[in-house]
Amino acid sequence: MRHLTRLTALAASLAFTLSALPANAGAVLDRVLAAKTLKVATDANWAPQSFMNDKNELDGFDVDVAKDIGKRLGVGVEFVTPGWDIITAGNWSGRWDMHVGSMTPTKARAKIFDFPSVYYYTPAAVAVHKDSKATVLADLNDKAVGTTATSTFEAYAKQDLTLDAAGAPAFTYEFKPKDVKSYSNSTTAFDDLRLGDGTRLDAVVSSLPSIIEAEKAGYPIKQLGDPVFYEPLAVATEHGDPEFDAKISEAMKAMQSDGTLSKLSVKWYGVDYTVVK
Amino acid sequence: MLYPDTVEAEVLVHKPWFVATMFAVILAAFLAFNLTGTTMGDLMRPVIGDPLQSGLYGRFAVAFVVAVIFSLNVVLIGFAPLKVQIAIVWLELLVLFLGFFETFHLSLPFIWEKLPFLITQGAVTTLYVSAISIVIASVIAILGAVAKLSTNGFAYAIASFYTSFFRGLPLLMQVYLIYLGLPQLGFVIDAVPAGILALSLCYGAYMTEIFRSGIQSIDRGQWEASRSMGFGFGITMRRIILPQALPVIIPPTGNQFISMLKDSSLVSVIGVWELMFLARTLGQKTFQHMEMLISTAMIYWIMSICLELIQSRIERHYARSKVR
Amino acid sequence: MSLDLIIEAKDVAKWYGAFQVLKDINLTVRKGERIVVCGPSGSGKSTLIRCFNRLEAHQQGEITVNGITLHDKMRNVAEVRKYVGMVFQHFNLFPHMTVLMNCMVGPMWIKGVSAAEAKKTALRFLERVRIPEQANKYPAQLSGGQQQRVAIARSLCMEPAVMLFDEPTSALDPEMVSEVLDTMTSLARDGMTMVCVTHEMGFARAVADRVIFMNAGQIVEEGTPQAFFTNPQNERTKLFISQILKH
């Protein structure tokens, strides 16, 4: 029993010693340059932005953008794939340096994160089942709508969306659903929608690119109306290292001006989403 | 064992009332679902004509045939010897299962292409995460069990707080708490260690109870004999009590390992590339995730079956040494 | 005199909750003495001898073993237990060890004797209880009588100054009782100091220097076997003797 006591005391003192050290010294750039690796968090489940390709490697628009940033900083890129809710919870504690995963720079998120640069805009749209009788977005009033949990799509469906990033176009709420169901990712929402019109869902709010992808893969769904809002999407870092942010912003500007970014967008979406229409 | 009587009971599935009830239930069930539009209706075409035009008559005919086939099957299996019965029923359930999967129109080439990665990356990660966790959990369980049985208030309080806390929270929440919470204390650990820690702590709490009851199952006389020879607590525990408690402890620990294998899927939320993570990730781009989900389900199942076989061997081993 | 005083109990009392199991016990055991303790069940005789190696705690009075006073804060209880051997009613052999290991572990783990030395000692005492051929078997493979003899050998390996026997034959089949009693008798003949709780009156008559009769936690009669069996003083003793001699 005395051993147990001693062990506990040891663990407690260790905890105190370690917590006395700053978890994030604000020198992310130094760390990245010293390790010659940029650790990037992204989703592994968000085609075509980021996904596992045929070679079982991460691939996609976000992945290519991250690799290009790494190249311009002169370091290698390493990806980690924690869940979206874990990334957005903050407190990265140096586990990864930045997030390139199509994050919308909302005001709430800005409390935890810096957004050094917006790199593209996604039109958010509404998908309905092929057999749906809805012809305009207003037909979805009092219907059941699926979205991704804690996303801007969810906020839009719940009429609680604030797009406060620079350059975000104005938008209006086109419909007011009765029920907003949140899923861990958009594919699960599409899976519920494909079951039939109104079986579990009447519509899904998601990004236009993923709706188009799902349609291409044979899901019995179609886009309804025009895009409901344009979502600016940005690289995210944690507060505390302006030099690092500046470097990222600089790299992104270079990508924009030499056409790399537009080329990547066309490669993955067939369209240039890097400028607002 | 249920210890059957030496007088053979009448076979249940041969009793007229049972056969009649079974027949009626199946008939009613299949009447409720209209099967005329399926393969079943097509097969019945010679009797009912165009399945879609056959109406109530077609529906009844299909349900009747299904009920007859089902009841006949059960009655016939009733005549077979025990081992054959088990084999046939297993086989039939398996075929039904495969038939169910067949309805998804899965792409087999895609499965074959991804299978090596599923195994080398996914199954291996799942196995080693579980194996390391069960070892750590066992160590925690010994300490916890001794502390819970001790008269030291400090040790008892810590141990009972620990088991109460970790048995009272969902494992998923523990994974989040450890991964997101520990950095607050200054411990920044990666996803894999965090997952192992969460599994170890959670299962350690459950296994503390297993170890405790194992230790308690040892007769008081063993403690007294050990004490009367002058052995202290340490020797008594390590050399006398634990070796005797192990045969009681190991079989349920094997069970814990099997269930840990499946619970380890929860660490996929923090981005560990184990089986469940790959199941949800591979095939997303081409929307072939049903293929991946089902293949991963099979891999989990096969791993569990292997472990169950090992488990039953271990149990038999200890059952033998008890007879000696 | 104090030199050959092995166990001394003065005014010992013990309670289980409100129930008093031992009351005003005064008893001395001298070197070489063979004492038989008998009495009806529940009279506290087992509890008494279990107090002598502190398997049980007494609450009042004083017990001294080999000059060491037993109390609940003592730090040298191992010294006492090394000095006092004990044989239990249910043998309590260690079932996961061979007979030989059962006899070796005491000297090895307590006295720090080498394995070779411990094995030599163990075989000597297994020879002494006449079962050396069972050395490599496990306890479960032996009969009750054999197991009890191994238990005796296990205690002897620690070379104790006094042996306590707690109803060593009560759990045995009748035909195995004598082999254990024979072993105990031969131990007694060799001069071992013994305190035996037993109902074997033949053994008491043949071996004991003193017979102690307990009733309701008290020693009610104490004397030579001769006096005890032929001329008991106490009414309870008379009843007890007439009961056990009836058949």
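Labels A, B and C are assigned to the chains in the order they are written; within every chain, residues are numbered from 1.
Here is the rule we use: a contact is a pair of C-beta atoms (placed from the backbone, for glycine too) under 8 Å apart; a residue touches a chain by one contact, two chains touch by 3 or more.
The structure presented is a predicted model; accordingly, all values stated were derived computationally and were not measured.
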Intersection of contact partners for chain B and chain C: none
Chain whose Cα mean lies nearest the overall Cα mean: B
From chain C, the most remote chain by mean C-alpha position: A
Chain pair, most C-beta pairs within the contact cut-off: A-B
Separation of chain B from chain C, taking each centre as the mean of its C-alpha atoms, in whole Å: 52
Distance from chain B to chain A - Cα centre to Cα centre, in angstrom: 35
Between chain A and chain C, centroid-to-centroid distance (C-alpha), Å: 79
Chain C residues within the chain B interface of the complex: 53, 55, 78, 81-82, 84-86, 88, 90, 92-96, 105-106, 109-110, 138, 140-141, 154-155, 158
For the chain A and chain B complex, residues of the former touching the latter: 1, 4-5, 8, 15, 17-21, 23, 44-45, 47-48, 51-54, 56, 80-83, 85-86, 89, 91, 93-95, 187, 213-214, 217-219
Chain C-facing residues of chain B, complex: 219, 221-222, 224-232, 235, 239-240, 243-244, 324
Chain B - residues contacting chain A, complex: 113-114, 117, 121, 143, 146-147, 150, 152, 154-155, 158, 176, 179-180, 183-188, 190-191, 269-271, 273, 277-278, 280-282, 284-287, 289
